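One chain, chain A, links the two complexes that follow: it is found with chain B in the first and with chain C in the second.
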Partner chain A sequence: MRTFTVRRARFIALCLLPGVVFVVLFTYYPMVRGAVIAFQRYNLFDITATPFVGLENFRAVLAEDRFWTALRNTGTWVAVSLFFQFLLGFGLALLLRRHFRGRGLYQAWVFFPWAMSGFLIGLLWRWMFNGQFGVVNDLLLKAGLIEERIGFLASPGWAMTSVIVANIWYGVTFFAIMIMAALQSVPGELYEAAAVDGASRLRRFWHVTLPHIRPTLALIVLLRIIWILNFPDLIYAMTGGGPAGSTDIVTTFLIQQVIGGDYGRAGAVGLLVLALLLAFSIFYLNATRFEKAR
Partner chain B sequence: MRNPVLVATATVVTLLLTGCGSGSSGQPGEIRLRMIESLTGPERTKLIKSLLADFERANPGVTVELISPPLDSADQKITQILQTKKGLDVLEVRDHTAKSFSNNGWLAELPTTEWAGWPALTELAQKKAVEVGGKAYLIPYGFYQRTLFYRTDFGMTAPPATWQELYEAGKRMTTGDRYGYSFRGGKGGADYAVMMISAYNGDQLNPEKSFYLKDKRTIFSTPEAAQALDLFVKIFKEASPPDSVSWGYPEMVQGFTSGVTGMLIQDPEVIKTVEESGVTAWSTAPIPKGPTGYAYQPVGYAGWGVTSFSEHPAEAVKLVQFLSEAEQSIAFAKGNSLIPISKEAQNDPQFSQGAWKAYLQAQQDPKQVITIRPVDYPGWSQFLVDSDRDVQSLITGKKGTAEVLKAWDAFWVDQAKKVS
Partner chain C sequence: MRRLASAAKAVVLAAWLLITLFPLYWIVVTSLKPKPEIFSVPLRYWPANLTFEHYAELFAFADFGTYLLNSLLVSLVAAAAVTVIGVLGGYTLARFAFPGRGALMLAFLVTQMIPLFIALGPLYLLMSDLDLLNRLAGLMLVYVAMLVPFSTIIMRGFYERVPVALEEAAQVDGASRLAAMVRVVIPVMLPGIAATFIFAFVQCWNELFLAITFIDSEDAKTIPVAMNSFITQYDIDWGSMAAATVVSVVPTLVLFAAIRRYIVEGLTAGAVKG
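And now, the complex of A and B:
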C-alpha cells in the first residue's frame, strides 16, 4: 500500500484544482456577488454609482403585494405539480419495470422530454393552449367535451391550471427515472421470500418495496421541490406571470425585477428565496429523519 | 513513465487556457472583430452574414465574427458581455438600451463629420443617431413605426380613421368565431393603451417628452385619458378575442393572418408576413386618431454601435459605416421590412407602393406626430413591466381605469422629480 506523502497530497490537490476553480468561479462567485448586490442600489440604468443601502431592497420587496401573491402562487405551483408528478411518475416507473418487447425504445421515448429546454416546452404549450388556434381546444371541441373555446392562458383561473398541467407533463419523467433506479435496488430475494410467505401483490408493495426505497424517495422529493420552485422557464414562456400576476411565482417575479433593471431588488428576492428553501430543507430533512428513526 | 505531477499540471493549464482564453487568436496581422446582434432571427442573421462577407471582401485582413444570441434574452446577454468590458467590438444598440449603455460608458462616440455617409442619411436617422446624450453612439439601421392592417373582405369599405371608428367597425365584425381587432393584452400591451391615451390628449401633448403635456402634467392625469382607457377596455371586451388577454406579438399577427381578426396594428415587418400568409384582401392605413384629429406614436429604432473598449476601434467604426451606407442599409431594410435610413430609398419603388403607402401618407400628415418616449428616465424599464401587468388587471376587471391612471400618473410625476 502506498503511504500518504506530502508529494501525493499535492498531486491530489492539483488534480482537484480545475474542478474547484470552476465551481468557485461559476457557482460561488456569482452567488456571493448576487448576495452583495442585494444590499446595494444597483439599477442597470446607471451602475457607475452603486452605494450600499442596507435593507432598503428587502423592505421594498416585502412591501409589494405582488411579491406576496407570487409567494402564495409558488405554494400552489410546487404542491400541485409535485403531487401529480410523483403519483404519475411512480405509476410509470412501476409499469416500466415489467419486461415487454421494445421496452428500451419505449423508455427512451418517454424520457426524451426531460432532455429538452423548459423554455422551448413552454413555447410549445403556449401554442397548444392558445384559445383561438390551440390544439387542446380543438381536440376538446371535437370530442364534444366543451362547446366553446376556453382561453386557457387568458383567464386567471385557467392560467395556473394550464402551466401546472404543462409542468406535470414535463416532470413525470424525472420521477419515473429516479424511482425506477430506486426500484432496481430492491433485492429480488425479498420478493421471493414474501411470496413464499403468501403476501399479496399489494402487501409486497407496501411492506417490501416502499420501506426499501423510502430514503431515496424522500431525497428525490426534496430535490424536486427545490427544482420546481426554481423553474420559472415554463411559466415565463407560457404566460410571463400573467394574466395580471395570477401565475407569477417568486422566480418569475425575480426575472421581472431583472428585466426592470433593478438588480438590487432582484438580488434581495434571490436571497429571500434562498432563505426560504434553506428553512424548508432543514425542516423537511428533520421530519423525514424522525420518521426513519421511528 | 512521465512525472504525474507534470502531466497533471499540463492538464490544468490546458483546461484553464481553453476555458478562459479569448478569441483573439489567428494569424498575426489579421484583425478579428466580434459583433453581436440583438433582434436575432434566422433570415436576418443570414442577411447580416452576407453583408459581413461583403465587408470582409472589401477589407482584406479583417474578419468579423457574428454572435447571435436567442432573441428573448439577447439584450441581457449583451449587457453581461459589456459589463466585462472585453471581447466585443460592434454591437446592436436598441432605443431602450442606448441610454443605459452610454450611461455606463460602454459605447464609443462615432465620428459623423469626416464620414461621407452621414449627409446621405435621412433627417430622422441623423436625429435618432444623436438622440441619447447628443452624441452619435449608434447609427440606426432602420425604423419601426406602426400602421393599421385591415381586411378588405370583412365588410369594411374604408379603414377606421379614429379609435371610435375602430371600435365600431370591430364590434360589427365580431360574430362567433371572428373578431374585429387583434388586441394585445400580453407583453407590450400597455404600449397600445398609451398610444390611445396620447391621441386623446390631442394638441396638449408635448411630443418631445411624450408622457407629459405642454403644461408639465402627465398625459395620464386628464379626463381625456380616462375616456381613452375606457374605450380601450371596450375594444377589448366587445371587439377582440377574449383570449387576447395573453396575446403578444406572434398571436396578434397569427390572429390576423389566420382570419380570426379583421384589424391589426403592427410594425412594417408584418407586411412581409401577411404577404406570405395567403391573405389577399387586405390593405394598410395610418394608425387611428383621437377625437381632435391627432395620432401620436414613437418611432422604434435600433442601430449599430462600437464599444468603448474595442481593441480595433478604427476597423469597428469602418464596419458600422459600411453597414450604414445606402446600398447595405437599403438591402437590410428591405430584408427586414424596415423604414430605411437612406435618402436614396425614396427613389426605390418598394417603399412607395402597396402596403408601404400608408407610411408615406402618415409622414405627410402633420397630425400624425412622431413622439419621443421617456426612455432616458430611470424608471422606464420598470414601467414597461408594471404597466403591462396593470393592463391585464384592467381588462380582466381586477382594477378600474381610474385606479390604473392614478398609479401611472403618480409614477411619472415621481420620475419627473428624479430627472430634473
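And now, the complex of A and C:
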C-alpha cells in the first residue's frame, strides 16, 4: 500500500472515474429519483402533472390486500427455499469436501444450473410442472405417489410449493460450493488436536468445524436471504405471480407496479422493501453477533 | 462399515447429479420431438422420431437470428467495457490508500445488495430522457453500470494476489506505472480477467427485466425479451420454447464451464474472508 500524493491522486481519479460515473448515473441517480417519486403522484400514462402527495402512495400500497399477501408469500418463499438450499447444500458440501476421482468434473456438472438465468429455469420448470404433459406428473403417477395429475401451477395450493422446488433445485449447488470453501478454510491442525484428544467424528464436527465456519455461514446465509428476496425471475417465468396472487412476492409485486406504469406506487413499494431489508439485516447481524464472531 | 459409507456417498452424489441434469435433458429432448409427440400421453422419455423442425421454425419465422445477434452484440460490448473499467478501478482499490476508498467500496457493495427493481421505473424515465429506449446502446450502458461494482471488487481481489514487488521491479527498471501495470501485472491476471469478462457476458446474455422494460421494437429485442413475448403472445408453443431455451443456454453453459473455477475462487475468497 502506497501513500497519497497529488500525481497519484490524478492517476487514481482517472482509473476510478468511468466506474463511478456509470454507477452514479445509472444506479444511484435512479434510486434517489425513485425515492422522490414515491412521494409523488406519478403515473407513466399521465405525466402532465406529478404533484407531491406525501404518504399517499404508501397508504395505497399498504391498503392493498395483494401487497400483504405478497409480503407473507415472501416470508414463505425465502424461509423455505433457504432452509432446504442450506440443508441440502451443506450435505453436498460435506460429501464433496474430500478429494475423489472426478470431483472437478462432478462439480462442473452440478454447478450448471447457476449458469442459467432464472427466467430460463422458470420456463424449464413450468414445462416440467405442466398439468397435462408435465414430466413431474408423469413420474409421480408412475411411482404410484399420486392417483391423478395435479395442476401444479394452476392451483393456488400447489403453485408456491412448485416455485420453491424449482428455486431449491437452482440454489443448492451454489450454496454447496460456498460452504465447501468455508469447510476447507478450517485448519487441519485443529482436527488433529481434537483427534488426539479422542473426539469422535460427530464431536469434532460439532466442536471444531461448526464454530470455525460459523461467521462465514452467517454471512453466506444473509447474502442468500437478500438474494432470494431479490430473485423474482423464476416466479415471473413460472407463474407471473399467479394464480390469484398465490406466488406473488414483494419483488414481483413491485415489477407489476412498474409494468402497470404507476411509478409512484412502485417507488413506495421499493422503499418499503428497502426498509424491510435494512431492518432485517441489522436485526440479523445483531442476532448472529456477527462483529464479535469475527 | 467404511465401505458402506462410501457406497452411500456415491449413491447420494449420483442421485443429485441425476436431479440436476434431468431437467436439462428433458428440455433438449422436448426440443427434438415432433409436435404430436410433445403433446402425447403417455410421455416418451426417448423420442421415437427426432426432428429439428422447432429450430428451423425459430430461425425462419421468429427471426431468432436477429435476437441472437442483438444479444451477442450487447453482451460482448458491455462485458468488454465492464472488464476494462474493473481492471482500472480494481487496480487503484488494491494498490493505493486514498481518502474515500472505504466509502467507495461500500457504495459499490451496496448496489449488489439492494434490488435493482427499485430503480426500474426511474431508469425507464432516464432512458426515455436520453432517447435510449429501444436501442441496444441504452441496454449496454445500463448493463455496464449494473456490473461495474462486481467487476471492480473481484478485480481488486485478483490484484491483491499479485505481489507488489513485481511491478515495483518493473518501475525501478524505468517503466511508468501504467506500463508496469499493462506489461507486468495484467499478464499474470489474464485468467481472472477472462473470468470476469465471461461472467459479465453471461449476466448480460441472461438479463430479462431491464431488457423487457426498455426494449419493445422487433429489431432491438434480445433473446430473453423475445422469449418473454413468445409467452404473452400465444399459448406457449413448447416445441419452439424448448428449442429457444437450448439455443440460448448452450453458449452460457460452455463459457461457464470454462471459467467455473475462477468464479468459484473469486466468490468464495470474498465470502470466506468476510
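Heads up, the rule we're going with is that the second predicted complex is superposed on the first by the 284 of 294 C-alpha atoms of A that agree within 3 Å, B and C clash if a C-alpha of one lies under 4 Å from a C-alpha of the other, contacts with A are read in each partner's own complex, and residues count from 1 in each chain.
In this section, a residue touches a chain if its C-beta (ideal position, glycine included) is under 8 Å from a C-beta of that chain, and two chains touch if they have at least 3 such contacts.
This structure is a prediction, so every number in the text was calculated from the model and none was measured.
A.B. asks: Determine, for the superposed arrangement built on chain A, whether chain B and chain C clash or fit.
C.D. replies: Superposition check on chain A flags a clash between chain B and chain C.
A.B. asks: Should A:G131 be classified as contacting the first partner (chain B), the second (chain C), both, or neither?
C.D. replies: A:G131 contacts chain B only, not chain C.
A.B. asks: Is A:Q256 in contact with chain B, with chain C, with both, or with neither (first, second, both, neither)?
C.D. replies: Touch status of A:Q256: first partner only.
A.B. asks: With the two complexes superposed on chain A, say which partner A:G242 touches: chain B (first), chain C (second), both, or neither.
C.D. replies: first
A.B. asks: Using the touch definition from the top, say if A:W206 reaches chain B (first), chain C (second), both or neither.
C.D. replies: Neither partner.
A.B. asks: Going by the contact rule set out at the top, does A:L92 touch chain B (first), chain C (second), both, or neither?
C.D. replies: Second partner only.
A.B. asks: Classify the contacts of A:R33 with the two partner chains as first (chain B alone), second (chain C alone), both, or neither.
C.D. replies: After superposition on chain A, A:R33 lies in contact with chain C alone.
A.B. asks: In this superposition, which partner touches a larger number of chain A residues, chain B or chain C?
C.D. replies: The larger set of chain A residues in touch belongs to C.
A.B. asks: Name the contact category of A:F22: first (chain B only), second (chain C only), both, or neither.
C.D. replies: both
A.B. asks: Check whether A:A9 is in contact with chain B, with chain C, with both or with neither, and answer first, second, both or neither.
C.D. replies: The answer is second: A:A9 touches chain C but not chain B.
A.B. asks: According to the stated criteria, A:F112 is in contact with first (chain B), second (chain C), both, or neither; which is it?
C.D. replies: second
A.B. asks: For the combined three-chain arrangement, which segment of chain C clashes with chain B: 58-66, 76-84, 184-192 or 256-264?
C.D. replies: 58-66
A.B. asks: Can you give me the overlap between the chain B contact set and the chain C contact set on chain A?
C.D. replies: The answer is residues 11, 14-15, 18, 22, 44, 119, 130, 132-133, 258 of chain A.
A.B. asks: Under the touch definition given earlier, write down the residues of chain A that touch chain C in their complex.
C.D. replies: 1-4, 8-9, 11-12, 14-16, 18-20, 22-23, 25-31, 33-34, 37, 42, 44, 91-92, 95-96, 106-120, 123-128, 130, 132-133, 135, 138, 169, 172-173, 177-178, 180-182, 185, 215-216, 219-220, 223, 226, 229-230, 232-233, 236-237, 251, 254-255, 257-258, 263, 266-267, 270-271, 273-274, 277, 294
A.B. asks: Considering the complex alone, what residue numbers of chain C touch chain A?
C.D. replies: Touching chain A from chain C are residues 9, 12-13, 16-17, 19-21, 23-24, 26-27, 30, 38-43, 84-86, 88-89, 91-93, 95-99, 104, 107-108, 111, 113-126, 141-142, 144-146, 148-149, 152, 177-178, 202, 205-209, 213, 224, 227-228, 231, 236, 238, 241-242, 245, 248-249, 252-253, 255-257, 260, 264, 267-269, 271-272, 274.
A.B. asks: In the complex of these two chains, what residues of chain B are touching chain A?
C.D. replies: 4-5, 8-9, 11-12, 15-16, 19, 72, 76, 79, 99-100, 103-105, 185-187, 241-246, 248, 251, 254-255, 258, 260, 378, 380-382, 384-386, 388-389, 392-393, 396, 398
A.B. asks: Within the complex, which stretch of chain A touches chain B?
C.D. replies: Checking each residue of chain A against chain B gives 7, 10-11, 14-15, 17-18, 21-22, 43-48, 66, 119, 130-133, 149, 151, 153-156, 159, 239-245, 256, 258-262.
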